[in-house]
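Heads up, the thing below is written out as structure tokens.
Order of writing sets the labels: A, B, C and D. Residues in every chain begin at 1.
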Amino acid sequence: MSGTGYQPGEPILKVNGLWMKFGGVTALRDVCYEMPEKIIQAVIGPNGAGKTTLFNCISGMLGPSEGSIIFLGHAIEGIVPHRIARAGIARTFQHVALFKKMTVLENVMMGRHPRTGSGMFAAGLRLPGMRSEEKLIRSKALEYLEFAGLAGCARVESGTLPIGKQKILEIARALATEPRLILLDEPAGGLNMKETEDLGELIQGIKKLGVTVMLVEHDMNLIMDISDRVLVLHYGEVLASGTPAEIKENSAVIEAYLGAENDN
Amino acid sequence: MGRRNWAIMLGAAAFIGAFPWLVMPFKAVSHYVDVMVFAGIFSLVCIGLSLLMGYAGQISLAQAAFFGIGAYTSGILTSKLGVNPWIAMCAGTAVCAAVAWLVGVPALRLKGHYLAMATLGFGVIVNIIFAEEVNWTGGPSGMADIPYLRFFGRKITSELAWYYLVWGIVFLVLIFCFHVIHSRVGRALRAIHEDERAAESVGVPTASFKVKVFMLSAVLASIAGSLYTHYVTCLNPSSFNLMWSIRFMLMVMVGGMQSLWGALVGTVLMTFVGNEWLQVFAELEILAYGAILLVVALFLPGGIVSLGSLRRKKHASALEGAGT
Amino acid sequence: MGTDFLQYVISGITIGAIYAMVAIGYNIIYSVTEIINFAQGEFVMLGGLFAVFFAGTLHLPLYLAFICAVAVAGCLGLAMDRFIIGRARESSVLSLIIITIAVSILLKGSAMLAWGKDPYSLPAFSSGGPIMVAGAAIQPQALWITGICALVVIGLTLFFRKSVYGQAMLACANNPQAARLVGIPVRYMVFLSFILSAAIGAAAGVIITPVSMMEYERGALLGLKGFGAAAFGGLGQFFGALVAGLILGLAESFCAGYLSSGYKDAVALVLLLMVLFLKPEGLFGNREAARLKKF
Amino acid sequence: MKSAKNLICLAALGTLIAAAILFWSRGEGIAAKEPYKIGAVFSITGGASLLGEPEKKTAEMIRDEINKQGGIDGHPLELVMYDDETDPTKCNLAVKKLNKKDEVPVIIGPSTSGTSLAVVGVAEEAQVPLISCAASYKIVTPVETHKWIFKVAGSDSHVVGKMFDYMKSKNVKKIGIMTVSDGFGASGREELLRLAPENGITIVADERYGPQDTDLSAQLTKIRSAQPDAIVNWSTGPTQVLAVKNWRDLGMDAIPLYQSHGFGNLKNIELAGKAAEGVILPLARVNIGNLLPDDHPQKKVIMEYTKSYEERYKEPVSSFGGHAWDSMYLAISALKAVGPDPAKIRDHIENTKDFVGQHGIFKMSPQDHNGLSKDDLEMVVVKDGKWALAK
């Protein structure tokens, strides 16, 4: 699933006529969208708008009812999540999904999984190839921890970290898979102001690495600050898309979303 | 594998090595060597089960069936077809791996009680086959006069030779499994146990890893079965029935699922409890056995090794990060 | 040929009714607590042996013995939850499996000490020889078994559809938190489920004893077959359990009759595996609902 | 390091227990002369507990009687008994323990063929005579590699032979057989299939069922449709009663039902009630002491055993208790003759001739480590809830 048939500059992700139905409920309704490479793409919309469902379809957690998802020139809809991770899409979860009993470092080492290949026998017999690979995994993981600013707590059991650091750790773990596209599901949820600011910097840092970021977020300030493009979903349909400034002015969005949000 | 585990390993190896010389001078406990041979054989099954249950978080009530498949493959190949026992042992592992793959692929999609029941059903079916295929297995009355294991042409008959053979294999397997745990594969297994969805999201093919570890546990059970066959030189379906699958699970549980040492301690302890120390209760033994299980499951879910200390848990986890 | 077929059907239905009742016992506890009670089979055994005790040792009339045996088993079920399972509500699935297995070992051991290892029998509920239908023999007890099984199924269906308690129990099954919020005493519903389940298991034990006798070791296999039926029909489905129980009974009977009697016990299990592999939620289970259950 | 400490603690505990056991075992045996030991392994619990239970009771009773009479030549008799729970592994360990820890010169048991086969190798290796109470011929053949093994239960070939002789006298040509799928049933089935042709009997139906089955109607129906002259059921435990009940309920009285010797327990008749009337089976004389003519050589030992067993335990004797009696007294007579020397005991048992036991008159030889024949059985029929000699 390398990028054959994909030219640099083309959209990294194309979603065509995507439908997702659960029994009688339609969570995504004919979603069409093309996303350029190396940007920060925000996805917003009220609760139940289908944002997380869209993420789940892209990351393979759900197979869409209809439609196609093209990533780097390849159709990926309905492919199992671990192969999508290997193809270059990483994700975080709305409710932190760390391996809580593992250390911080081990969590990030887990992220190296799709980029390494030693099997059970190589591991059990401690073959030289596996040993050097293990060293590489460790050093790479430490690099990503450094990048995320968590190097100080590498040996701590991850479940004991405060929630803010857990969110960052989850991002670091996702980055360690060397994705082309990273999906962040409400990364700022539960963070305080300072933490959110740091998160914003981290996300921009990720963009600088050349990784496309797609994030679902409710924190409008964060979105307006960092994102290059915004996609608005409403009842499973695309309501609008454009730069943050355009979206701010879009009357339909204000009516459907911002207005309701401002009441709070 | 951390320094700490190596230290325990050396200590355990020294103890196991010295054990026969500690008990043999005393007539009243001299047969403990025999008990330990069985404990060693069962340990192999339980180490595999510990990887499967404790690390990868998958329940199996079919381990006795794999134990039996290994045993019967060895028994049939050596006594009916005259195959060399060591080759038969390898054949047994191949058969077990194949069967485990066939069963594991559909079964491991199930979780919890359903997985328990699917493996249980499979185990009982295998046992019925052992009892029904009279021409091959000797049926319910069993198969006798299976040849002894030979080592460079010499029969292995003495208890001591068996003791060191079995425990030597146990330690080799332990080292292998510790290496697996402290590797990319082992981390992936623990990740599957903790959060399957997250494991998938970082590229772990969870289904295939579950099947692989299931196969590894089956292969270990098969080796144990082959050893059992040549040690007892007789096979009977009742050594591989559901009760034994439950016993294996309990051994792992009593010792503690969080660590391979738990499997080892639990197996040795329960083998002694079941064959030796509860004998004084005579008829009441079954009640004592049930009571022990209940107490462990209710009040000591982490098993005996968790008694060590709670600090150990954090410590071990930290060391797993540091271990090389 | 026709006669044989009829005979297989009759014995299949008789044993199938027993499986169905055991399966219903599993279902009741499962639907309220999501626990599979591996000790279910032991209640069947205890029901039979207590009936023997009341009828044979205390010389109570058979119907009284039946009621007493069922009541005693119900109390044991309550005690099991109150003193053992209740303490482990938050344990992992694995711990719960072990705990119920431990309970079954304890019950079996106690029964062995109390009654010894010999099988016991009860007189049939009604005297008289077998009824001959087209050359096939129907034992009167078989009619009792199917009749009581039918009564239990109808009774339970009414109980869950119409009565307040039944509705409350179902509510607990669907969403314990919500049930607690609307003021349903979830704890009592759990007690009730254990009592009911043990009592129905025991009733199955009493009615089968005149036909097949009962000894302390009988529980495990009946429990296993009953579970097969429960999973086959879809866990938590009463009607499913009934149909699945009958299918299993018939399949076993036909396998013994037309194929190999030695592999008869494997039939139920092969069916069970096939259902688990192909349609894990069971024949009558709901896939969406099965997905929601925590395992 | 905690685990290492735990291991050390465990070792210390083990040593302590060992020391304690050593101390206690020394404390026993107050009598003047060194006690003679007999090791015993029976399936007192588990699947074959119906066999092991009376065996245990009988062995204990005999020990008490012998000791009351002052032991064997003044040596008190010590019975070291273990329960194998009908589990081959446990049985194997128990026999090893008897050899190493208890150093018994002779072992009686185990109860079942499966568990017996699991210890043949152990007894051979340790060179200790073992007198099994199970029936399978595999236990004692070939004699060359089973030098130290004896058995006191008649082989199934004797039972089948006796049964077929009787059938021939009744002009039975076609039979349907149904056997339980455990060691007992499998062995019986093997002999039935093997001996039928040479006796001119055709087996028209061959059915099996599980030891815990609750209904045998299907098997019986299938047999009925094969139209045999007689049905043979071969099982132990509740299924044999079930066979009788189902046979009667299906109205198959016209086809006589033969049971194996496993049915030889009055409890079975009690459980089957009226249904058992007319059931025919070959039985060892231990079950029918009162039916024997007074001049029968076994009459005395059987009546004595029956009387004391029934007085002590308030239950009827069974074949299995009889096996324990035979093995116990074979061991005792050997101990009396040659003392506690395993090799001498072995030779003594091998040369035992005309030993009058519960199950027959044993004629051991280097070629035959069983010593019984089909003449040691009687055909009986259930009549008025009791045994009666079949004419």
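What we mean here is this: a contact is a pair of C-beta atoms (placed from the backbone, for glycine too) under 8 Å apart; a residue touches a chain by one contact, two chains touch by 3 or more.
Small disclaimer: the values here were computed from a predicted structure and weren't measured.
Between the contact lists of chain B and chain C, the overlap consists of D. Distance from the centre of chain D peaks at A, each centre being the average of the chain's Cα atoms. Distances from each chain's CA mean to the overall CA mean are smallest for chain B.
Centre-to-centre separation between chain A and chain B, using Cα means, comes to 41 Å.
For this pair, chain B with chain D, the centres built from the Cα atoms lie 34 Å apart. We define each chain's centre as the mean of its Cα atoms; on that basis chain A and chain D are separated by 72 Å.
Inter-chain spacing, taken between the CA centroids of chain A and chain C, is 49 Å. Those residues of chain C in touch with two or more other chains are numbered 112, 260, 262, 265.
Residues of chain B in contact with two or more other chains: 131-132, 283, 286.
Touching two or more other chains at once is no residue of chain A. Chain-to-chain contact here is organised irregularly, matching neither a line nor a ring nor a star, and falling short of all pairs touching. Each chain pair that touches appears in this list: A-B, B-C, B-D, C-D.
By the touch criterion stated above, chain A contacts chain B in their complex at residues 59-61, 80-83, 85-86, 90-91, 93, 97-103, 105-106, 109-114, 116, 118-120, 123-126, 130, 133-134, 137, 154-157, 173-174, 176-177. Contact residues on chain C toward chain D in their complex (touch as defined above): 1, 3-4, 7-8, 10-12, 14-15, 18, 112, 116-121, 129-130, 132, 136-137, 139, 208, 211-213, 215, 217-218, 221-222, 252-254, 256-258, 260-262, 264-265.
Interface residues of chain B facing chain C in the complex, by the touch rule stated above, are 53, 59, 106-107, 109-114, 116-118, 120-122, 124-125, 128-129, 131-132, 242, 246, 249-250, 253, 257, 283-284, 286-287, 289-291, 293-294, 296-298, 301.
Of all residues in chain B, those touching chain A in their complex are 176-177, 179-180, 183-188, 190-191, 194-195, 197-206, 212-213, 216, 314, 317-318, 320-322, 324. Within the complex, the chain D residues that touch chain C are 45, 47, 49-50, 53, 178, 181, 207-210, 212-215, 217-219, 221-222, 224-225, 237-238, 241-242, 245, 249-251, 267, 271, 273.
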